[in-house]
Every structure is written in structure tokens, then in C-alpha cells.
Amino acid sequence: MSLTLFNVLAAVIIIVAFVALNAAYLVWAERRGAGRIQRRPGPNINGPFGLFQPPLDGLKLMAKQLLIPNNTDKAVFITAPVLAMFPAIMSFVTIPFSDILVAHNINIGLLCVFAFASMGGMSLFFAGWSSRNKYAMMAAVRAVSQSVAYEIPMLITVITVVMISGSLDLREIVRQQSGNFLHWNIFPLLGNSHNLLMPFSFLIFFICSLAETNRAPFDLGEAESELVAGYHIEYGSMGFGLFFMGEYANIVVGASLATLLFLGGWACPFGLFPGVWWFLIKVYALIATVIWIRWTFPRTTIYSLLNLSWKVLIPLSLFNLLLTAGLLKVF
Amino acid sequence: MSKPIQLPSDETFVLNVGPQHPATHGVLRIKMRMDGEYVSEAETVIGYIHRMHEKMGELKTYQQFLMNLSRLDYLGALGYCHGHVLVVEKAGGIQVPERAEYIRVITVELNRIASHLFGVGSYIMDLGGFSPLMYMLQDREYILDMLEAVTGARLTYCYYRFGGLYNDIDDTFIARARAFIPRCRESLKKYHKLVTENIIFRKRLEGNAYLSQEICRKYGATSAVARGSGINYDVRKNEPYSVYPEFDFDVPVFTEGDSMARYKVKMAEIEQSLRIIEQGLDKLPGGPIMAEKAPKNIKLPVGDYYQAVEAAKGSFGIRLVSDGSKNPYRLKLRSPSYSNMSLFDEACRGLMIMDAMAFFGSLDLVVPEIDR
Amino acid sequence: MIRTNILNSLRALFPEADTVVETPPPPTPEEESGEKKKAGKAAKPAPRVNGMLERDYTVHGYHIDAQVSPEQLLNAVTILDQQQFFLETITGVDWIDDQQLEAVYDFSHYGFEPCRVVIRVRIPRDNPKLPTISGIYQGANWHERETFEFFGIVFEGHPHLVPLLLPEDADYHPLLKDFKA
């Protein structure tokens, strides 16, 4: 693929539009979904099914003044919300939607995505640090320890998948899973690996992506009942809006990665008509699960969160890595 | 015991939780001295919505003060009104018809369920689980609709009169109350499945903030706080008043002393209240709802009187000193949340802030009642 | 059982045992005639002397009523603490006609035999000082602060005697009868 200026511009516009629209409408979807779960309608006044709610919310946020508290580190304070959105958008540069639909495929695409994803924790830390607020500070400390703790099992799990595929190219990883769902990495029967623990791997990856995106039940960075709003407590206006959208954008990235790595990407479960719609269906099914989990579970505590990572997930994922390595050697 | 918090000279810092904070459900402030995430000292600052009901009690006549009682704990107001009418009736020797007393008990217990549902629901919301609150609010709405039909108010009732009631209950109320009992039992099962057996919920609450019986006694804790620590104390049983001796119900007691026990007590109390309502509806006698000789101008004999009732939040007491005039000479309201809250300062030391807030929620506080 | 125990223990506070009024409570005419008593503030009885009364629970809602001197207060509260009583509340009453303030301590028991004990202390209105009981009952901390701000009774030895419900700088005592807002 030759990169002309037109191609670059088109890719940028499409990606930004995709991420922003997703972020905006996932807020709507979450509120509607929460309404369904809680036996109430959710936003239903503005437009059909309340579909105009997200743009109106955006307008309202933009109409508000961006307050920068006294004595804050202004540069860092302003950078933080941008950083919340930026990695998600950058990740989509290398995330393929189908065999041909990708902005710019590089053969270390997976590495690239994780390099960007690890910037997400930085945004929370910047926000909490620069706000000069005790709640925000505590939230920032939590967010950092949380993202450190969960990046490790996540990456170990990803290494397992990379070992099976023998490639860091996301397209290549999906190609190897093509066929019906028994070829997918989550199901070990017909795939490259015969590791029966791969469903657990997927589970670990999913839990870690929940924790990485600060979603309930791991939303300790903004734990409402003790830290009020956590790291974005001092943000109003679109600063808050960017954090809010960044959270959903990161969910989309997480769900996309889980789909690509474990659920066969754009492959059809029955081996027919692979295409971008399968990818989207899987991604949104995962997102729906994320929303469902949020409205069902209470929040964990910071120490049980860290215990889960260091005492359960990391040993499990390490064991899984060794097992996969051994199995790959045998077969 | 709370001591003034000095400016920290070490690595600790002071965190102001409140007066506007999502977890305090009202205006209440806790000055926490934090050592990282750990609470090393806490000082509760109350009084943000202090309205001096006790002075109002001295300035108003007994009847005029009736409506103040439901402004204390707006979630379980009828229990407080019950205490007030009981103490005046006791002091004035006013006989209450049996039917009125039964209806009082039925409505108090309905109100207790509503209060517990809201208390437990908002507690779960404090722990980050939002949906159970919505389900519980739906059941609570049912009760509030029912009570609104007979009392004319949804929260701030003024239903009881000295010597009886303002309004008799009708068949619609009885039918709805009867329908509510199986409905609530069904939803209780659902709550237990959704919340009590939830692994995250259990891991957060089990072993959280152990309260010994000694600390409960020293601070005068009652309600779920005492019963969760194995103290079998319920004014309805220990000092029976009204027609409670005629009912067959249990006092749920859990001995673990942790937040889970306090939560379980409240859930079990809902079941017991349902039993009381069921029996009350079965036994409901006929007759008048207002004493014939209920005096218009109440003047109580000189002396002082005390009446404790088991309100939704614990043992609520009224100390009434009368000088024989038409106003009380002194009216002291002993509110249960006040005593329950006062032990927070001591008991939350050394907890992490998440656990401290989980403990705080398990005390089931209503701030207007603390501040009075 | 508890009632008898506490009666006996509290009686030890009053060495001149003969003066102690026990059962039955001295029924004032007002109490007996019930509600039909006509109102009127005529002929205020003299302030009560220290001593013990056993009250009619069905009328008054408590069993034992002991009025002690400020020096005896800590002893009385210690006795109640040893008998596993819990503190219901502390409050004050302003007897302005007698120029006295009364602090009222309500105690109750977790047991199944209802037993409510009231300890009263009368102190002069111009110099209201009492020892704190927050060393014995930690829960008294808030109650004493509340009584302090409402009545101006100073609890000596209290760890943090500042207004609780009123603003921090409140220097008025709203429940005093001569308080004008």
C-alpha cells in the first residue's frame, strides 16, 4: 500500500470519526443498557430512542468553561485529557478491521498497539498529579499501581498468543485463525495450539483489559464512593468529556484486541463469508458484556485488585505460557 | 474518642470527606488523617443541617410538634412519630383503641421495610453496585404509594394523633399490603442471589470493620450495629411497647461483628417485618381508630417521661420533661444514628479508605437524624 | 435481677441510707390525678434533694432515678459500667426558677429484663461544671459536647469540648430558658 497524502488524510478522518462516534454512542448504549438492566428507560427524550443525546451532551460540555485550578501544573493538566484519547486513536492505525480494511499495517502491529495502550496509565497519572487534589492524587497512585499490575499478565497472555501464531502482525494472527470457531485461539482443538487452557487465557486477557480501561468492577481510579471522581475530579467541560470518551475508546480498543487475538477477528464462526461485520459483531458483543458487568458487580478494593493480579493472574498466565511453549515443542 | 486533629508533621495528610461527598448521603464531614490509603485518625464533624428540633419542641405545643418528628429520619419517619405519640399518651394516660395500635404497627413495619430497602440499596451503591438500588427502590415505591394513600404523605408523615390515627386504612390498603408480602419475599430472594452471594460483595464485607460488643456498649450502639455484633437487643422485644407482644417475630442476630453481619441483619429484618405485617393484617381488630376522649389541648402532668421505640435506624428515645403547661418543658430526642455514628471515629482507625467507607455505609446513617 | 443489683450498688453512694426514698415513689398529687390535673405553674416544688427513687415504669418509662452530687457522678457511672449498662443519652434541663442546671444521664441495658436508670446531677446555673464521663463511656464524648453547646455545662477533663452541632464559634446556649434568638 502506497501512502499518498490522500490516503493518510482519509485514514485519519475515518479513524478519528470511528473512535469518536463509538465513544459518544457507547455512552448512549451504556446508559440505555443500564436503563434496561435497572428497569427504567434511560435517555429517551432527545430524538428517536434518545439518539441525539450524545451530540447534545457534547454540546453542553463544550459550552462550559474549562476551569484550571490555581497552582496546578497547567501544561500537564491540559495534556492529560488529550493523552486519554490519543492512544486509543493511535491504536486503530494498526488494528485491522478486515483483511484489507486497515489504515496502515505493519508487521509489529501488536507491539505498536501495546506501546500506545501503556500511555493510557500515563494520562490518569498526569491528571491526578497535576490536579493538586488529594482525591485525584490518591486515584493517580491507584491507577498507576493498577496499570502496572495488570499490564504484566496481559502481556504474558499476549505473548502466549504470539508464540502460537509466530507473528506480531495482527493480520497474520487472524489469518491463522480463519475457518470455523474451532480454529480460534480461544478454542484449542483445531487451532495451532492444543493448549486446553486457552479459554482461561482469554479470561485473563479480558479481565486485564477491564482493569486497564478502568472499568467496573476495577474502576478504582474514579471510585465514586470514596474518591468522588478520582483523577478527573478537577476537570470540567470538554476536559472531562475527553476522559469520558477516552474510557469508551479504550474499551473499543480492548474489545478489538480480544477479538483479533482470541476470537478469530473477522472470521465467521461457521467458516462462511468472513468480513468486517463479523469483526464488529464480536467487538460489540464484548462491549455489551463489559457494560453488563459494570451494572452487575460492585467495585473491588484496591488490595484485592492487586492480589488478584500478583497472586492469581500472573502465576496463571506464566504457567499458561510455559504450557503453551511445551505443547508447541511437542506437536 | 475523637480528638482534635493536629497539622501533620510527618508523611500523613488530612483528607476532608464531605460535607459534599457522594458517600455521605447528606451533609456530613469526616476529617480523616490519612497515611497513604490508611485512615490513621478520623474526626466526624456534624451539624451541617442542624435544625434544633429540641428547641422547637419547647416552643410548640404537643400537637404542633407532631410533624417535626418525621423530619428527623425522613426514610423511616413513622417509627419516630410512633415514639412521640406513645410518650405523650403514656404521660397523659390517653387510651388508644386497639385497631389504631395495630394499624400503627403495620404502618411502622411497612415504613421500616422501605427504610431498610433504601438503606441497603444505597449501601450497595456505595460499594459500586448501582443496579440493586434501582430494584429496591421499586419495591420501596410500592410501599410509599400504599402509605401515601392512607397517610397523605410519601415521606414526611403526620399520620398518628394522640389517641389514635388521622385516617383509617381501607380495603385497598389491606389488599395491596397483602399483595406486597409475597412480592417482597420474592424480590428478597433475588437480592440475596444478586448481592449477598456476590463474590466481590462478600470479599469486601466479610471481616470488614469488626465491632466488639464492648465498643457497641460504650457508644450505646443499637439496631443492626449492635445486632451484627451479637447483641440481642431490640426494643420491640426487650421492652415491649404498643401491641408488639402480640406478634410472633424473631430478632435477627449475627455474631460476626463485621459489615456483612450488619448487612445481613437488615436483610433479615425485612423478612421479620413482613411476618409482623402478615400477622397484623390477620389479627386486625375492628372498632374506632381514635380515642373518644382524646383531649384537644394536651397538658401533661408534671414529671419526666421516657419512651424508647425501635425505629428503623435503632433505638429511638424521647425524654419529655413536663411542667404542666401546654408546651413541653424539655424534649430530648435520642436518635440512634447519633450514637451509631459516634463510634465511627474510633472504629475506622487503621482501615483503608475503601474499607472505612464500606464500614461507614454499614452503619446505615441518615444525616438529618444525627443533626436533628 | 439486674434491677436489684443496680439498686443495691447505687444505694451505696448514699451513706445516709435513711434519707433515701425508695419504693413506692412519692406520688405527687399531679401524677395520681393524671391528665385531669389542671395546669398552672402555681407553687413550684422545691428542687429535689439528692437520693434515689424507684419509679413506676409504666408511667415514666424508666425504673431507677438517682440524683447524685457532681462528686458522686463518676462513682455512679462506674457502677453502671460494671453492670454492663450502655449509655442512651446525656442531656440537660434548665431549671431557671431554681437557678439550677440539671444534667440527665440515661442508661439502659442490653438484657431482656428492662432496666432503665437515670442519673441526675444538679449544679448551680452560674457555674455549671461537671466531671466528664467520656473516660468511662467513650460514647459520652458527643453527648457531652452537645450538652455543653446547648446548656453551657462545662465537662471538665473532656478531650475536645467544642460545639458539635452548632457552629464552631458559637458562644450562645440555645436551650437555656433565657436564650433569645
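As written, the chains take the letters A, B and C, and residue 1 is the first residue of each chain.
What we mean here is this: a contact is a pair of C-beta atoms (placed from the backbone, for glycine too) under 8 Å apart; a residue touches a chain by one contact, two chains touch by 3 or more.
No experiment lies behind these values; they were computed from the predicted model shown.
**Student:** Of the chains present, which has its C-alpha mean closest to the combined C-alpha mean?
**Tutor:** Checking distances from each chain centre to the full centroid gives B.
**Student:** Taking each chain's centre as the mean of its Cα atoms, which chain lies farthest from chain A?
**Tutor:** Relative to chain A, the chain with the farthest C-alpha centre is C.
**Student:** So the centre of each chain is just the mean of its C-alpha atoms; given that, what is the distance between chain A and chain B in Å?
**Tutor:** 44
**Student:** How far is the middle of chain B from the middle of chain C, if each middle is the mean of its Cα atoms, in Å?
**Tutor:** Centre-to-centre distance between chain B and chain C: 25 Å.
**Student:** With chain centres defined as C-alpha means, what is the inter-centre distance between chain A and chain C in Å?
**Tutor:** Between these chains, centre-to-centre, one finds 64 Å.
**Student:** Give every residue of chain B touching chain A within the complex, in rising order.
**Tutor:** The touching residues are 13, 15, 17, 21-23, 34, 37, 124-131, 134-135, 138, 194, 198, 200-201, 203-204, 352-357, 361.
**Student:** Along chain C, where are the residues that touch chain B in the complex?
**Tutor:** The touching residues are 28, 30-31, 33-35, 37, 39-41, 58-62, 84-89, 91, 93-94, 104, 106, 108, 110-112, 114, 116, 118, 134, 137-139, 141-142, 150, 159-160, 162-167, 174-175.
**Student:** Using the touch definition from the top, list the residues of chain A that touch chain B in their complex.
**Tutor:** Against chain B, chain A makes touches at 34, 37-40, 134-135, 138, 216-217, 219, 223-228, 295-304.
**Student:** Show which residues of chain B lie in contact with chain C when the two form their complex.
**Tutor:** Going by the criterion above, the answer is residues 1-4, 46-47, 50, 52, 54-55, 58, 87, 90-94, 215-221, 226, 231-233, 237-239, 295, 298-308, 315, 317, 319, 321, 323-326, 329-330, 332, 334, 338-339, 342-343, 346, 371-372.
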